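Chain naming follows the written order as A, B and C, and within any one chain the residues start at number 1.
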Amino acid sequence: MLTAGQYRALLEGAQVTLQVTALAVVWGTLVAVAFGVASLSPVAPLRWAVRVYVEVFRGVSAIILIFWVYYALPLIGVDLTALQAGVLALGLNLSAYGTEIVRGAVQAVPRGQSEAAIAINLSGRDRLWSVVLPQAVITMLPPYGSLLIEVMKASALVSLISLSDIVREAQNMRQLRAADSVDIFTAVLVLYFAISLGITGIVRLLERRFARGIDLSRMGGTAK
Amino acid sequence: MSGLTPAPVVAQGSPPSTWDWEFAGDILPDLLEGLWVTVKLTVLGISLALALGLVLALLRRSRLRVVRWPVGLFIDFIRGTPLLVQLFFLYFVLPDWGIVLSGFEAGVIGLGIHYACYTSETYRAGIESVPRGQWEAATAIHLSGRHTWTSVVLPQAIPTVLPPLGNYVVASFKDAPLAATVTVLGVLGTAQRIQGQTFRGLEPFTLAGLLFLVVSVPASLGVRYLERRYGFKRD
Amino acid sequence: MASSETDVPVATADTSGAPVADPIVRMEAVTKRFGDHVVLDCLDLAVRRSEKVVIIGPSGSGKTTILRVLMTLERPEQGAVWIDGRPLYHEVRDGRLVAAREKHVRDVRRAVSMVFQHFNLFPHKTVRQNVTLGPRKALGLGRDEADQRARELLERVGLADKIDQYPVSLSGGQKQRVAIARALAMQPKVMLFDEVTSALDPELVGEVLAVLRDLAQHTEMTMLLVTHEMRFAEEIADRVVMFDAGRVVEEHPPAEMFSAPREERTRAFLRAVLPR
């Protein structure tokens, strides 16, 4: 199998993988929630703007986006480090898909809920935060969990812009000892698989926490 | 190893350039050729995925646990790991075992296997969405196993699976450019090659992105139409 | 804030001829359309303070829409609504009557609350949280004050022991009683009840009617009810309004309405719904 040094290198790469994924998830989710809610706004231009954003950043694949951010932007004066570029591109991609998930989930909350909130004179903002969004989260979690795994997998692409994630560490190792390729890639696949299981586990926990009091059978089951 | 090492970036601090229309015009034909390669790769890959996915779905439904479990594990494993690594495995590791694939072949097979694991779940959901009673009715009128499938189950399962499958067709197109990392000169690989030769990345990658959108957005709209036409069942 | 609201006419008459001075709810020429379908047709309605008004009529007649317009769940295309003397959908700015901003609508709306046919309790919140949410967020009450109010109201509707349970573990009748407590917690001047027993199993209807009866007989609350419970209407209503096809058909005190309705449409409707 692999040497201790090689395992350590892969784990260091895993740290970078998780870092990139986490950062992309944080800012991508903030945008997804904001845009998801905005896409239901009565202001038509706002809805259209979100629609265009979603179509563009869903339509472009993550790898093209990463290359464009890293190689094309510098030529118009925007210089980003590999980490920044990776996080930006992955976040853009995530936010586009995430917006649709948030939108669907918010729409799925029964209309009677916001009507009841109006009946107790809650402001629009309170209606959203105290009544609608908490219920939307349950519907959102399964597809969003799948999306998180996709982002984690897509983070492997940052190896192509020289970020030292799992894949880049693996490639470096292979340059040194090509004979170890099978072992290295097997270890890489297992490592990614373990991370994806971890993410699925966390999402399941979140589902259970948010599902208190809600009839899950009404909302459809858990991820994957 | 041309697909692996990224071309050098323009040095930090060099003055920003503006869009060069002439250059863009020059490279467009090459990029269009690259786009065509990407489309071909996608079509072949997704065809493999659609066929293999059905096989996997049927295997998953086997009554034998010794068949179900390994297949299930395989599917979860492929879905839980990056396509990029799977492509590398096919292109760089298989030769050690005597199987040498071209970049294009690795791309098609990698894409096919990866998406087969997604389509298999869709097929399963579609088959399971056909009510129990249909199977029982088919038995009651003595339909053979084959006829049960072709005349009763599949015709009812197909409308359910069309929208998600359409989604995967579009998704596989978006993943096809990954083949650039194993030397395939699709739209992305061509853009990389141009950047490597001319040190200008703005036009190649921007055009590559736009060309990409030109194919993927109508395809997405097509899937949206399918969803509306055949109803949308949550996966 | 400008002190001059639009002048409300000193007296309006309801269709039975009795003058209504200083109405707490006033609707004037209110029209609401859904596509081509006119649901409220130039409606005039005035409700006295502390009056208990029951609205009856066939399904699709628009009676629920009356309540929904008062609760700002539907906006009328034409006409005006006043709550407690203040215009709901309009405000006076620089001496002119213009469409109201959201802040103004919310401010006037505070006097109204509503109980729904399908309860609409917040499933992700406990009974306590359901009842205290409005007072804390919209009325600015502190936690203890809101809690105190919740306990008293739940006591009154007979559900004090369920205070920390989630709605999912309550029966329909219990849910509706919590919904009533939730609405009462806002201390509204006008309470709207939209067929609040129609979705309940028959054996659970009584407990909810008991709460409504208590409110009707022991409080000064103005109540507008849309209901099919005719016997109950007869018991607690000051006025019964027969509504059909977007218009008021007739309105009388209950005794008169149920024994000697004047319009054929009313008679036909009562024949169909009253067991006799």
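Here is the rule we go by: contacts are C-beta pairs under 8 Å (C-beta built on N, C-alpha and C of every residue); 3 or more make two chains touch, one makes a residue touch a chain.
Bear in mind that the values here come from a model prediction, so they are computed numbers and not experimental data.
Taking the mean of each chain's C-alpha atoms as its centre, the chain lying closest to the overall protein C-alpha centroid is A. Centroid distances from chain C, each centroid being the mean of CA atoms, peak for B. The largest tally of C-beta contacts between two chains is found for A-B. The distance from the centre of chain A to the centre of chain B, with each centre set as the mean of the Cα atoms, comes to 20 Å. Distance from the chain B centre to the chain C centre is 56 Å, each centre being the mean of its Cα atoms. As a whole-number value, the distance joining the C-alpha centres of chain A and chain C reads 45 Å.
Residue positions of chain B in touch with at least two other chains are not found. Within the complex formed with chain B, the chain A residues making contact are 55-56, 58-65, 67-68, 70-72, 74-77, 79, 149, 153-157, 159-162, 167, 170-171, 174, 181-182, 185, 188-189, 192-193, 196-197, 220, 224.
Touching chain A in their complex are the following residues of chain C: 71-73, 102, 106, 109-110, 113-116, 118, 120-126, 133-134, 137-139, 166-168, 179, 182-183, 185-186.
Those residues of chain A lying in contact with chain C across their complex are 110, 112-113, 115-124, 126, 130-131, 134-135, 210, 212-215. Considering their complex, residues 4, 6-7, 9-10, 12, 16-18, 76-77, 79-86, 88-89, 92-93, 96, 173-178, 180-181, 188, 191-192, 195, 200-202, 204-206, 208-209, 212-213, 216-217, 220, 234 of chain B touch chain A.
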